[in-house]
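Some structures to go through are shown next.
Two complexes follow with chain A in common, the first pairing it with chain B and the second with chain C.
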Partner chain A sequence: MIEIRDLAFSYGNNLVLKGITTTLEEGKIYGLLGENGVGKTTLLTLLCGLKRVQAGTIRTDGENPFDRSASLLEKQYYLPDEVAPVNMKAGTFAKEQGIFRKGYDHGKFLKLMEEFETDPSWKMSHMSAGQLKKTYLSFALACNCKYLFLDEPTNGLDIPSKAQFRNAILKYTSDDSTIVISTHQVRDLENIIDPVIILDRRDVLLNASLQEIEEKLFFDYGTELHHESLYSEQLPGGFIQVYPNTEGKESKTDIEALFNATHAHKELIKGMFKK
Partner chain B sequence: MEFNSNKAIYLQIADTVCDKILAGELKPEDRIPSVREYGATIGVNPNTVMRTYEKLTAEGVIYNKRGIGYFISPDAKEIVLENNRKEFMEVELPAFLRKMELLGLDPDELLSKSNLII
Partner chain C sequence: MENKFNLNRFGKYFLYDLKSRWSNLGLFLLIFALFPFILYLIHMIFATIAGGGLTELLYGGSINGPSLPARFVTFTIVTCIFMIMFPARAYGFITEKKAGSDWLMLPASRSEKFLSMMIISLIVIPVVYLVLYFLSDWVICLLDKSCGDAMAMTNVNGLDEDSPIRLVGNGIPLLLAGLAETVAVFLLGSLLFKKWKTGYTIIALFAINTALSIIFSVIITQFDMHSFGTFIINKLKDNAVHLDQIINIWINAGLILFVGGCGIWSWFRLKRQQH
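Showing the complex of A and B:
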């Protein structure tokens, strides 16, 4: 479990994160959403201990990630958005890097590369951006870490790779792992992320499971606008709109609509989901 | 898996399981995949599949053997049929009748036509 309390971080005078308090539980795949520049990547680098919090605390299984203890480092993997095209064959790179990781399974790496249709004998410096990303994703999953932080993992992936990525994340992670995926490509990941975290400038607007979201909000794909509609968007066949679910009806979360509704009514949504 | 846009995913997965029971693809005492396995196959979060299994367990369609997994109940087919009939009578039929009225179609005329097809 990761507990974040009153976290603050700034780059010089630019205060990015402030008063962030939230908990990340085991066995969940978190979708970390937020507009450009709200600090998603900063938060991920703080979680994996690459940066030090300036106020507040982060505790991963009771440890401060910035202490970079071996016991915690072996449990986590951070995959940045941009990865290095090293001048090595993918298989050799993975094998040599894997030595430093306790849980690394080279067989699993090769299997993932096969599923991603990427040849481990290719030189990484000659790969396309998508192939390189798939190599790193395969390595990240083959490390068998309990904590996996993925920054925009579907950027650069072609259409078939996106489905392969979804299946790989579900198939090759264990029941007790905590995965945090920051993304703008919500359509790519809509069915695999749950709970959803919406980060705003200096605030967490929402950290809720889809079940909680669907209990409190109704996602209506209809032709008539509702008077309590928090957000609506015209679609070819009518509207997608979001309003409070007062009648306990069942619907399907549309993450884009949820994001837009949350941004239009920050305090209201925050209040609705306060625990 | 292709999902319908407006129905909760966990209910759509429940429908799929129920359809398989009605079609005889899933039989009483068959083991169904774990939430993680099933989630990976259809590209859906295990929590969502868990919601499906909880709903089907509450309805008595499947049951959980602790530590082993989920199985199809002996009387699953009857339960699914009963639920689907109820849904047809309460939701689909009224919608169908409303549509007929909108189109100015006469139920008797339709019945005579459907006799031709049968």
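Showing the complex of A and C:
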């Protein structure tokens, strides 16, 4: 479990995160959403220990990630948005890095590479951005880590690869893994992320499971506008609207609409989901 | 303790580090270490074209290879350039975002990574370089007798019989100590500076030396240096029998303090490294 308490971080005078308090539980795939510059990548790098918290605390299984202890490093994998094109074959890279991780399964890596239609005998420095990303994703999943931090994992992936990625995440991660995916491409991950974290400048606006969201908000795909609508957007043949679910009706979360509704009514949504 | 240092994990990491350094430094090391061959070729070409050697060759004469003093001067220059340049090429990537993040997130403890870095930088690379350099010089001298003795076979103390200075161990300990100091400070520079690592280290050393010279010259003018000089000379006379040992202790203490100081600073730099 990852516990974040009163976390603050700034770049010089530019305060990015302030007073962030939240808990990331085991066995969940968190979708970390937010506008540009709200600190999604910063939060991921703080979680994995690449940056030191300036105020507050982060505890991953009771450890400070910035201590970068070997045991904690082995339990986690951070995949940045931009990855290094190492000058070696993908299979060799995975084997050499995998020896440091007890859970690493080379067979699984090869299987994932096959599913991503990427050849492990290719040199990584000769790969396209998408192929490189798929190689790193295959390695990340083959490590069988307890904590997986993925920053914009679908950036650079073509349409079939995005579907392959979704399948791989659901198929190849264990039930007790905590996965945090930071993304702008909410449609790419709509069916796999649960819970959703919406980050605002210096604040967490929402950290709730889809079930909680659907209990409190109704996503209406009808043709008539609702007077209580927090957000509405015209679609071909109707609207997508979000409004408080006062009648306990069932609906399916549209994450993009949820994100826009949250940003339009920050305090209201924050108040609704306050635990 | 297991988390801080594990011999098995260190062994794996050391081999991985060694392999990685060879891939990004191997060619660079070979170019410098095999410089005696390059020097020989340059010398022969210039001696033939510009030194009138062509005429000698036409009349059945021969051209002398590079002399021992010329080879010693070249060795000093080439070794100096190599030792100040290789630390940044070997470990400068740690301050780069992509490669540095990968390195920090590799599941090995900081002490394992640091120890491996120190062993490779201070021992493995300089020793491999020196062995290859002296070996290639020996091969040149074996093939062309006009070059004289190989550097490794030369009694350094016999070069100047009139000199009162006698180098212990044919100067090898002094050479290794000088190399260790150079590598330690340039390794620290490659961890401290993000760009122009070697250049900034040279500028920083120049600035520190200038500042220290000014400070000491100010201090010296405040004291009665004549009495202090007399005191030192008397002390040296009293201990003339043990003078070699005293100098040896001072040199070794300076070496340990300098290399140790740079090492400690590098350790804390790695500890605080963020991306």
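Basically, the second predicted complex is superposed on the first by the 275 of 275 C-alpha atoms of A that agree within 3 Å, B and C clash if a C-alpha of one lies under 4 Å from a C-alpha of the other, contacts with A are read in each partner's own complex, and residues count from 1 in each chain.
Keep this in mind: a contact is a pair of C-beta atoms (placed from the backbone, for glycine too) under 8 Å apart; a residue touches a chain by one contact, two chains touch by 3 or more.
Here the structure is a predicted model, which means the values were calculated and not measured.
Asker: Given the superposition on chain A, are chain B and chain C in a clash or a fit?
Answerer: Because the two structures are overlaid on the shared chain, the partners are seen to fit without clashing.
Asker: Does the superposition put A:252 against chain B (first), chain C (second), both, or neither?
Answerer: A:252 sits against chain B, while chain C stays out of touch.
Asker: With both complexes superposed on chain A, which partner does A:51 reach: first (chain B), second (chain C), both or neither?
Answerer: second
Asker: Taking the superposition on A as described, I'd like to know which of chain B and chain C A:201 touches: first, second, both or neither.
Answerer: neither
Asker: For the superposed arrangement, I'd like the angle with vertex at the C-alpha centre of chain A and ends at chain B and chain C, nearest 10 degrees.
Answerer: So the C-alpha centres give an angle of 150 degrees.
Asker: Give one of first, second, both or neither to describe whether A:126 is in contact with chain B, with chain C, with both, or with none.
Answerer: neither
Asker: Now for A:187: first (chain B), second (chain C), both, or neither, which partner does it touch?
Answerer: neither
Asker: Rounded to a whole Å, what is the shortest Cα gap between chain B and chain C in the overlaid structures?
Answerer: Comparing every C-alpha of chain B with every C-alpha of chain C, the smallest gap is 28 Å.
Asker: Based on the A-chain superposition described above, do chain B and chain C contact any of the same residues on chain A, and if so which?
Answerer: none
Asker: Can you name the residues of chain C that touch chain A in the complex?
Answerer: 2-4, 6, 9, 12-13, 16, 19, 23, 98-99, 101-102, 104-110, 112, 272, 274-275
Asker: Please output the residues of chain A touching chain B within their complex, sorted ascending.
Answerer: 27-29, 163, 166-167, 170-171, 175, 191-194, 209-211, 214, 219-221, 250-252
Asker: Please output the residues of chain A touching chain C within their complex, sorted ascending.
Answerer: It comes out as residues 45, 48-52, 68-71, 73-74, 76-78, 80, 82-84, 87-88, 96-97, 99-101.
Asker: Okay, in this complex, where on chain B does chain A touch?
Answerer: Checking each residue of chain B against chain A gives 3, 5-9, 11, 36, 39-41, 43-48, 51.
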